[in-house]
Amino acid sequence: MELIEFTPTREQFSYTFGGAAPVMRIKPGTALKLWTEDAFNYALRSVEDLASNKISLAEVNPQTGPFYVEGAEPGDTLAIHIVDLTPARSWGVSSAIPFFGGLTSTDRTATLQEPLPDTTWIYEVDTASNTVGFVARHSDFTVQLPIETMLGTVGVAPPSREVRTSLVPERFGGNMDTPEMRAGATCYLGVNVEGALWSLGDGHYRQGEGEACGTAVEGAMNVTVIIDLIKGGGPAWPRIENDDFFMAVGSSRPMEDSWRIGQVELVRWFEQLYNLHTMDAYQLLSQMTHAPIANVVDANYSVVLKAAKKHLPTVSAFDGMHALMRERATSLGSISYNPHV
Amino acid sequence: MELIEFTPTREQFSYTFGGAAPVMRIKPGTALKLWTEDAFNYALRSVEDLASNKISLAEVNPQTGPFYVEGAEPGDTLAIHIVDLTPARSWGVSSAIPFFGGLTSTDRTATLQEPLPDTTWIYEVDTASNTVGFVARHSDFTVQLPIETMLGTVGVAPPSREVRTSLVPERFGGNMDTPEMRAGATCYLGVNVEGALWSLGDGHYRQGEGEACGTAVEGAMNVTVIIDLIKGGGPAWPRIENDDFFMAVGSSRPMEDSWRIGQVELVRWFEQLYNLHTMDAYQLLSQMTHAPIANVVDANYSVVLKAAKKHLPTVSAFDGMHALMRERATSLGSISYNPHV
Amino acid sequence: MELIEFTPTREQFSYTFGGAAPVMRIKPGTALKLWTEDAFNYALRSVEDLASNKISLAEVNPQTGPFYVEGAEPGDTLAIHIVDLTPARSWGVSSAIPFFGGLTSTDRTATLQEPLPDTTWIYEVDTASNTVGFVARHSDFTVQLPIETMLGTVGVAPPSREVRTSLVPERFGGNMDTPEMRAGATCYLGVNVEGALWSLGDGHYRQGEGEACGTAVEGAMNVTVIIDLIKGGGPAWPRIENDDFFMAVGSSRPMEDSWRIGQVELVRWFEQLYNLHTMDAYQLLSQMTHAPIANVVDANYSVVLKAAKKHLPTVSAFDGMHALMRERATSLGSISYNPHV
Amino acid sequence: MELIEFTPTREQFSYTFGGAAPVMRIKPGTALKLWTEDAFNYALRSVEDLASNKISLAEVNPQTGPFYVEGAEPGDTLAIHIVDLTPARSWGVSSAIPFFGGLTSTDRTATLQEPLPDTTWIYEVDTASNTVGFVARHSDFTVQLPIETMLGTVGVAPPSREVRTSLVPERFGGNMDTPEMRAGATCYLGVNVEGALWSLGDGHYRQGEGEACGTAVEGAMNVTVIIDLIKGGGPAWPRIENDDFFMAVGSSRPMEDSWRIGQVELVRWFEQLYNLHTMDAYQLLSQMTHAPIANVVDANYSVVLKAAKKHLPTVSAFDGMHALMRERATSLGSISYNPHV
């Protein structure tokens, strides 16, 4: 298996899905060691750095990529297996950006109220305990929280000639901001344009479900992934598989529509996997789905629908791609999987 | 501790929160062994029984209660600790009621389309393996799923003179349909009327998050609870505590509002528990909240917000009520807690 | 036609639909001259009176009624024809109640922001010009706006044993807050309980569509209505007819669901009125419906769907009830209709 | 005033806002006579032509343009005054596209139900009576409806490098589908990229508010517009002015957010126009806004907020641009304004 290392220069970042020239052409079956900048583009480095001075929402979530996958055509399925996510800095950062986030009015849920106070938090990484440190800004409360790395943003170029900001998740993936996008996960995305043009970024050292304040513990990341291609079978919405779960992700507004999208996608998958009638797949999943919210802040809200494999007969999705990639990953050496707890 | 046993007659069921005369007066600190009928009022007993013939949505979720708690006044906090939930029948039942559920149009999300086919599924209880059996109606697929008992409906009389159906969750609790309402959980509800007038029902042998098709594996239940009263401190929305998590539940439409309600409630709780500034509570919870959806079907959608105790300094909520009730529960004898997995 | 005059005492007001004893029994075909108190219960009388001190949202929209209509049974249709609405005071009042209204966070669209400043505006009635005067609180801007009287709240007792606050509109009508509820309109409501138990209140001297700040130019009102009963045919959601339009009102959340409800109700009405196939009614109304928003503030949002009669063949709805009531109204003497402009 | 005539070839159509090369450079102050193809790209020409066979949602709403306006820079305001809209064919067409429209489940409001039957309606234009004829497909009902021409789609290139389909309205305008976009209206759009890159299309011979079934009476159109540029002052969301109203349009999901966006935009405009405090502008508009829904079908829903000039002191918006353009329009000769009724 070929292993490519790539650290983008500042000029090489893209801020959209679609619309950017590929940084590289790769073959299906390639492994990549990538470096991703933090969501704020390294603009917030201390609690004195405030988002209202330093951040433009038109240039967040810098993407490493896009990569052109040889042979990928519309209708195909791109498989992105995350082998490892390791913090690339000794600190992470979070911010309550004015009029951005879940517990404030925004440019969409518009009100006439004043914004919440622009505030920045710095989290020191403690590699010994594998934690990041929360330090209250208005009292002396501190607490250590486990590092549970994930990628906020994984996606491909959208269909219909569109170019979309890396801020808003959609059918093509993008800024779904789910903790499920972690080491050990295989993400399946429908290919919309030749070469697929996938990219990733927005590493989180840790994030709660919902990403309530709008930002996670954001940080630069060392990312190891394996890429492969399945001809045909492109799913309508992003799917994720790991050793334990089949998952689908819906991203829309209002949030019940995100849920509907993801739950229907999982029903369709189960019809296929277990040769089930629609009504039986609907019923079975009604009794076994986990439904964690991913984000309520990225303009489109994301919901993850998960079905545990342990309850089910063994089947093989996408021609056994996930198991295959797990095996290949072992050949990459000392990669430690990072099960969230 | 006094232990009361009560099995309602069919005439004693209530179908509302508020508006029904109490079946009994109890003192704070009482334990109760109760029996609850299934959500369908025992009307669906085979796959031949169809909801469209046998069910009126005006008479589902029959409630055991209401109980009048002596000394309870508006503004107080009612604590309901669930000690044990044991299936009271050898089978459970689920139904895709026409124009009810999450992946169909409804009387609210109204369309001109035909309904999905009215279908009933029967799940046999296997006490040896502690599972219920899913049997597909349109193929020969079967699978055993673990029994994970919970109560769909726990609530008190609403404020403002209202009487509300046991179908729709709200500020007063009610049909939240969250798997978190299981043995080992303490539910805190704000008291709105003298005596609190709490009731419960709608036992589920198992339910996926979201309750996608609108119904769980519904079944009659043997319920053991302990009731207590905290003067004052009534929360705006339902809170739940177990050994592992602090939780709040929001129920509204659209689903982002359910999330907002629950997340704000948890922020307010954390301000109190850890003496945190609002912005620090907001930030801290943004990095540690779990946000499972409870239901997307009961007219009001419910979302649960959870913060894991293990990451946090030890504190005592509601004067240590949860720990106290856990201790009292042990005095009730051979109760096995039922951690979901 | 019998004409009953009734001015409630303060103790006779009700604050719910359902749950209150009738103030009177009337026969179908009765006219009533009623007096309604303003939505704030006469608590705000100058710009110094602030909602946060003087108002409880549990006691707003005092209702005149409920009235028991002899012979009314579940499934019937109650017709309420508004003959005249005349201001009963020389001033009206509006308020930006903290955390209530459309351009602020609320108890449902919950955020952590500060409320907007609690502010009261008094509007003097000028009977000569038939206007109310807006007087800015923060500059010397003033403007006269035409009086266009309407009733915020018209409803019957809800089904399923429920009792609902007069603050929130629903299937049974209630606080729909639409300017269409004015003199010349006939409102059709499905009867849910014996006697129908209708009431009305919340007079507005004027209101914009949406009722953006949460309150209209609120004022006590002299109300003349005629009541009649149609056996059977109770509509699922409120319908309104005037000389120019057939209308239906949906009230739910999110607002697209309010729209869906009302648009489906109008499609169902058109199937009946013109013997149309569902798809043809859907298409025809797609090209001719007016869709003004009524309120975005009353917890449930209301949308009105209107189809102009002038484009359509003449038909008779509900056995010609509207025309009949218009004729009867003339017998009541010098009633001036009040077409909005 | 320069007058340019332009009829695009089929290859010149664009299907996005942003991303397409300009068809022409024009100077501010130019008048244009344009031709626009119908939303279906001339693919539906009889009731036998069905959307599921002939239409791809990736190629609807072909745009005439984009036009590069000399001197236009980000932050400026583009003014598009519609002088005349005249049907360019003798028939219009409407379609209930499967899983598209307001009273069906869609790819976002996803359910497991079957689609509504794919159906096409042809409307003959009667120039004598200025009507289009509705002909029921399932009975012999027919009715003539007044022609009230409008443009579904008017917009500029979006910010943040994005390229967006001509199907979905947003901050940059686009497929707002409001009947207010008719002859006599001036639309103000914030410029996001050099040259503004505006385009228009999707002519409707008639449309109900909401565009319930997803499509209007669609038809090719002869379009006369005047274009001008105001340096600076670019509004956050589209504004419209005609002789009678100041308007703002919000487009998002859920629909209450569309309303919030538009109502806030109108408050901000009134603060400016009348030098009002935010709370006074909020109050005044609460009592005088009209709030018709524009569309509930284009993925993003659009709501129009309107304030009648007749109640207000005379002021001049955008340096009197609307009055100026109205005057210029008269110089173009026999243009008949088309007030909707």
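Lettered A, B, C and D in written order, each chain numbered from 1.
The rule we apply is simple: a contact is a pair of C-beta atoms (placed from the backbone, for glycine too) under 8 Å apart; a residue touches a chain by one contact, two chains touch by 3 or more.
Predicted, not measured: the structure shown is a model, and the values here were computed from it.
Listed candidates were B-C, B-D or A-B; the one reproducing the A-D interface, defined as more than half of contact pairs identical by residue number, is B-C. Farthest from chain A in terms of Cα centroid separation is C.
The chain pair with the larger count of C-beta pairs in contact, out of C-D and A-C, is C-D. The geometric centre of chain C is 32 Å away from that of chain D, both derived from CA atoms. Measuring from the averaged C-alpha position of chain B to that of chain C gives a distance of 36 Å. Work out the mean CA point of chain A and of chain C, and you get 48 Å between them. Residue numbers of chain B whose C-beta contacts span two or more other chains: 103, 109-112, 116, 253-254, 260, 263-264, 267, 279, 282.
For chain C in complex with chain B, the residues that touch the partner chain are 15-16, 18-19, 57-58, 107-112, 159-165, 236, 250, 252-254, 257, 260-261, 263-264, 267, 278-279, 282. If you check the complex, the residues on chain D that touch chain C are 94, 96, 102-103, 116-117, 119, 121, 134, 136-139, 141, 143-146, 206-217, 253-256, 259-260, 263-264, 267, 274-277, 279-280, 282-293, 296, 301, 303, 305, 311-313. Taken in their complex, chain D has these residues touching chain B: 103-105, 109-116, 254.
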